[in-house]
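Pasting the structures in now, so scroll down.
Each of the two complexes below includes chain A, the first together with chain B, the second together with chain C.
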Partner chain A sequence: MLTYVIRRLLVAIPTILLLVVASFLMMHVAPGGPFTSERPLPPEVLANINAQYGLDQPLWKQLWDYFYNIVAHFDFGPSFVQKDRSVNDIIAQGFPISLTYGSLAFLAASIVGVGLGIAAAIRHNTWIDYFAVSLGIAAQALPNFIMGPILILTFTLWLGLLPGGGWNGGQWQYLIMPVIALSTSYMGSIARITRSSMLEVLNSNFIRTARAKGLSHKAIVWRHALKPTLLPVISYLGPVFVYVLTGSVFVDLYFSTGGLGQSYVSSALTRDYAVLLGVTILYGALTVIVNLLTDLAYAWFDPKIRY
Partner chain B sequence: MTRISRLTMTALLSSTMLAAGITAATAATHPETGEELAADQTFTYRLLDDISSLDPQIVEDVDGSAVSRDLFEGLMNQDEQGNLEPGVATSYDVSDDKLTYTFHLRDTAVWSNGDPVTAGDFVFAWRRAVDPATASPYQWFMELMSINNAKAIVAGEKSPEELGVKAIDDHTFEVTLSQPLPYFVQMTTHSTTFPAPQKVVEEFGDAWTKPENIVSNGAYVLTEYRPGERIVRERNEKYWDNEHTILDKTVALVITDENVALTRYLAGELDRTDVPAGQFPRLKKEHPEEAISFPRLCNYYYTFNLSDSGPEAFKDPKVRQALSLAVDRDIIANNVKAGGEPPAYSFTPEAVAGFTPPQSEMASMTQAERDEKAKELLAEAGYGPENPLSFDVIYNTSEAHEKIAVVMTQMWKQKLGVQANLANMEWKVFLDTRGQQDFDLARGAWCGDYNEASTFLDLLQSDSGYNDGKYANAEYDKLLAEAKTAEDTTPLYTAAEEIIATDMPVIPIYHYAGVYMMDSDVGNWPTENVEQNWYSRNLYKLAE
Partner chain C sequence: MFGKSEKAAELAADITDFKAVRGRSLFRDAMGRFLRNKAAMASVVVLGLIVAFVIIGPHFAAWDNEEIDWTRMGDILGQGAPSLETGHFFGLDELGRDLYSRTIQATQTSLLVGLIGAAMALLVGTAWGVIAGFYGGRLDSVMMRIVDILLAIPLTLILILILVVAGRNFVTLFIALGAVSWLTMARIVRGQTLALKTREFIEAARAGGVSEGAIIFRHILPNLIGVVIVYASLLVPEMILAESFISFLGLGISEPMTSLGRLIAEGAGTMGYGTLWQLLFPLFFYVTIIITMFFIGDGLRDALDPKDR
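On to the complex of A and B.
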């Protein structure tokens, strides 16, 4: 098991390297640069600035220096746009925020989604099922960029209950709307997947055997059906966890949380090369780790994979 | 709790309440206008995006400059109308050849750490601004100010120590120019020219603007900075004119989406926000006291590509005239933008100080007359149903730009039978494409760097870096060069505008307006300052 984990982690390193090189090259191919502006800089000024940031070097040298600084000093370079801040600063400030509301949204989506899905499957074709299914579809039909404005209109303008945005160190009032906005659509999908998976499992042969053995409905559902039901859900949850962190750009935009999603998109638009690369590496590493965890969870849930 | 400590508590509490009561009472009315002031002197406004830097020599965005003006103070300030008023300098002398300016600094000006603000801090800051090692995107501003040797230092030919600035003594700062510049002193209100605390910058290097390190000399100090969320600045008790500062605190909230910002304004979380395009009439009706619009020093236009890569048709001034005439600016200004923007028939906005752009022939015509003339001109140029004119129009992706582009091309199609194909581009791609003359007709806009007509007219000089249409007219260049040192610039600028009206290298569409939702309890917002250089220390909050 341990060798498996180590092997997977070692394979991850070239994957991330490739990701960085590809992003780096794509970034430089995109027209314009970090210092292209409405007010074009005089050539000598542009030359000074490019020299200061090392952008006058050949691409391979820039890439080499970039890797060198990361490995030798764990320094991801300066931001080209937010001139007072380094990429390390930006990630250190934004990532904990994204991680906080992202994890909460992930928990909310998984717990409520799985709960709804199971309830719907157990009470198949009853009002509970219909209710859960319609709730799931409604939630799925409302992506976070629609949920955001609706929530702000409702809770801030009409009811005056919650602040319309900000983070304030992660105080609960500031967390509610971002978490709801981010979790609902995933909640819907999770509920749907759980429901259909559970229905399939309940109709399978080993459950029929369990029933024939005279086991109680409760024991069948919780002891025998739950684990196999969750398998497809888990394979969906892995990517969702990464999505709630990366896809949080709308939450950052609408709720001014100061999270990292905003930096990801704005750095691409402003050609803030260093920030874009830094965040890409972070999300790449995160994806690799989450995929590994998903596979490990799989093995734990499904004996067929383990043995 | 013992009896004694309870008594002490009561005494403490009542004395605190008493103190609070006194503060409230003394802050109750405005010393000049006598208006009743609010107890909470906090102004909260929306920022579209995070600022580029807190470093005055490096900051390049409008919002960042507003923060810089609160935290730092330069030689001169602007008042509510945009006129000069003393800042750190109490007065200045100009030599007879107009090449040497001597500024006399007040001895009461101190940094927030208590150190005096000296001429040396200005020398340090100005050298820093031109030093290639600082990599300031505003190095060129020092060149524009014509400071001696600035150009050579930026080009790496001389060292920053050779810049034409000198500290005669702690309170006398001398600047030498390479050529006389009539609006030199106006330029000292710009953040690039603000002083920098040498000791702090040298001690912390790039980290000197971190909230825990920063030392500033303005009316406010930075107390909280959460990137992407908020910037808070609070009264600087050590500021030399602190007793006249009324506003205690200014909070800038980063809210990228303008509609969310409007919602939060309506929910009472903001005192000021921008009005999204097209919503002004509705908001004005619902909140007549709060929806405000006033002229700004910016223009919005379309530029023809007149370079070799541009379409052949645009080389004919008649075609350019025809296209410009057929654009009904009233519809764009009143129905599309709808925020009180004045339609533009000149390149320089009317709001500019010291110059009134001449009334062009086009401006005095009715739209029906313009359309008629446009048809005639286009026919004369040889375009019509048999030989239809067709070209591409580019603009950067934005709802407001798109609406205008669509309306404009429809006007050309319906009135002139012209086929204009629209293409929108992401911002940086757009700038790159336009900068490489890879277009036919492109959107452009400019906000004045200083309140003088040359900040606009210079753009169309043949060697201007912003002249993406590559318009070149030797006579025009000559007029602008003469204006740099002329006593009376009006006839020169008027002639320049007349050349633009004839040659029509650009289609001016409208001039900007500041369109805000502003809480009616905000006092003294400088609506007459067309550059919108506002200072928190001039604002106050009225009692509701």
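On to the complex of A and C.
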């Protein structure tokens, strides 16, 4: 197990390094920058600005400084467009918001999805099974950016029950729609995976043995079938995290929560490379870490897998 | 390894000879299974109708997708609703452009994105996976490590990054989609190649003196087709989804070109004013395409890979 952890770390760390270097270089070969405007600045002014942001240094020096500041001080540097704010400020302001409803959506999708999948498999070919299956299919065609408008249309415009956007310190009315919009699609996928995995497990030999032994239905499902059922679900949690992360960009934008996604999109539109780079690296690193954790959880959960 | 003999050359010719008796091929079996799958066949019909509509539809359009209807743009809610008289079959968009033409153009974009993204994944991913799997060793570990590293990064963010850096037009869009879509395909193909490589018929081909290139093209690739088709077909809706997501954020293809994601975003932005058709028409096309694509993909999987049900 320990060697496996070390080996996985040996992949994860270069991945993050590569992410930083590659996205940094990509930003810098891009034509145009945040200071290219229709009214060209006088060259002296431009030179001053470039010096202020360190853009007059050779590329390797810029890369090293950037890199060093992230690793040593967790400092992503100043924003190019919002003059008085640093990338860290922007992240510190927006990230907690995205994290709040993101983790709620992640939890909702996993718990409800797994529950629904298990119920569907146990009550195979009943209404709850059909419901889970149709949710699984519908979920594929209803990603977050379709769910968002549909929810607003129903709950805000027709029923007038929920506010159409905003955050208000994370009051529950403001949380409901972002969480539903973000989680529905993955809830469906998780339910589908859990259902088919549970059905397969329930048909396997060791469950037949347990039945023959005279164990109660409850004991079979909870003590024997649950653990192997959850294995494929666990390996799907990494991708779900990625979806929730990218989906949060949409939710921030559409529900105006003030989360990090809003800054991300506006930085992409205004070519604020510092913010774009910072958020990409932050999200990329988070993904690598979560993938690492799910892999470890999987290895710990499944006694058959020993690397 | 062996000396060149006539016997071996003959054997090699036999092994690569394809004019044997036609048996029940895997593909005819698969075709039969697919044709019997009602959901998949219905999806093929519906999708075919949409494709036909996208091809024939522009000939019936009274307005161009960039043209602005100046007489009606001031009162979109009152006069911009879908109607046959005005020639705006799907109504007007927020700026007074004909939604019928714009929806057709957007659907074309989305379908193209799906096809080209999947095709790029198919070419690059298969080549990468076959080479890594077939030659193995250090080459394999280096190539697969690259895939692992790239897979660990959220692809949508990479897509956005490429589009911001390289400009938002069709060519970069397709290249960017291709750049992110081939990774899982490469993994799947490599796994299959590894399994195939040790099978007896490959060993026989080697013993018969067939060259490595011929083994790859004549024996390995044909055996991969099933898996590759299934995965590519599932990739099509995924590509459409990814592109629509980015377009929704406003980071996709730039005006006057549009895509379904962008139209849905515009419709969603104006639904508070009562111009619901601006949301519903693109939404209908989008949802129909995605659902039919998934059913077709599922049908192909059931047909080509009957073990995995």
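The rule is simple: the second predicted complex is superposed on the first by the 274 of 307 C-alpha atoms of A that agree within 3 Å, B and C clash if a C-alpha of one lies under 4 Å from a C-alpha of the other, contacts with A are read in each partner's own complex, and residues count from 1 in each chain.
Simple rule for what comes next: a contact is a pair of C-beta atoms (placed from the backbone, for glycine too) under 8 Å apart; a residue touches a chain by one contact, two chains touch by 3 or more.
None of these values were measured; they are calculated from a predicted model.
> For A:93 in the superposed arrangement: first (chain B), second (chain C), both or neither?
A:93: touches chain B, not chain C.
> Which of the two partners, first being chain B and second being chain C, lies in contact with A:53: first, second, both, or neither?
first
> After lining up the shared chain so the two structures overlap, which partner does A:160 touch, if you call chain B first and chain C second: first, second, both or neither?
first
> Counting only touches as set out at the top, which of chain B and chain C does A:85 meet: first, second, both, neither?
first
> Which of the two partners, first being chain B and second being chain C, lies in contact with A:291: first, second, both, or neither?
second
> So, A:44: does it touch chain B (first), chain C (second), both, or neither?
Once the two structures are laid over each other on A, A:44 reaches chain B alone.
> Residues of chain A touched: more by chain B or chain C?
It is B that touches the greater number of chain A residues.
> After superposition on the shared chain, which partner residues are touched by A:270: those of chain B (first), chain C (second), both, or neither?
First partner only.
> In the superposed arrangement, which partner chain does A:148 touch: chain B (first), chain C (second), both, or neither?
Touch partners of A:148: chain B and chain C.
> Touching chain B in one complex and chain C in the other: list those residues of chain A.
Residues 30, 148-149, 152-153, 157, 253-254, 269, 271 of chain A touch both chain B and chain C.
> In their complex, what parts of chain A are in touch with chain B?
30-33, 35-42, 44-45, 48-49, 51-53, 78, 81-85, 90, 93-94, 148-149, 152-153, 156-157, 160, 163-167, 252-254, 256-259, 262-263, 266, 269-271
> So in the complex, the part of chain B that touches chain A is made up of which residues?
Per the stated touch rule, the residues are 49-50, 52-55, 58, 60, 132-133, 135, 137, 139-140, 143, 154-156, 206, 209-210, 226-230, 253-257, 259-260, 263-264, 266-267, 269, 426-429, 431-433, 435, 445-446, 465-466.
> Taking the complex as given, what residues does chain C use to touch chain A?
Touching chain A from chain C are residues 145, 148-149, 152-154, 156-157, 160-162, 164-166, 237, 241, 244-245, 248-251, 261, 264-265, 267-268, 271-272, 279, 283, 286-287, 290-291, 294.
> Any idea which chain A residues touch chain C in the complex?
Residues of chain A touching chain C: 11-12, 14-15, 18-19, 23, 26-27, 29-30, 137, 140-143, 145-146, 148-149, 152-153, 157, 242, 245-246, 249-250, 253-254, 265, 268-269, 271, 276, 280, 283-284, 287-288, 291.
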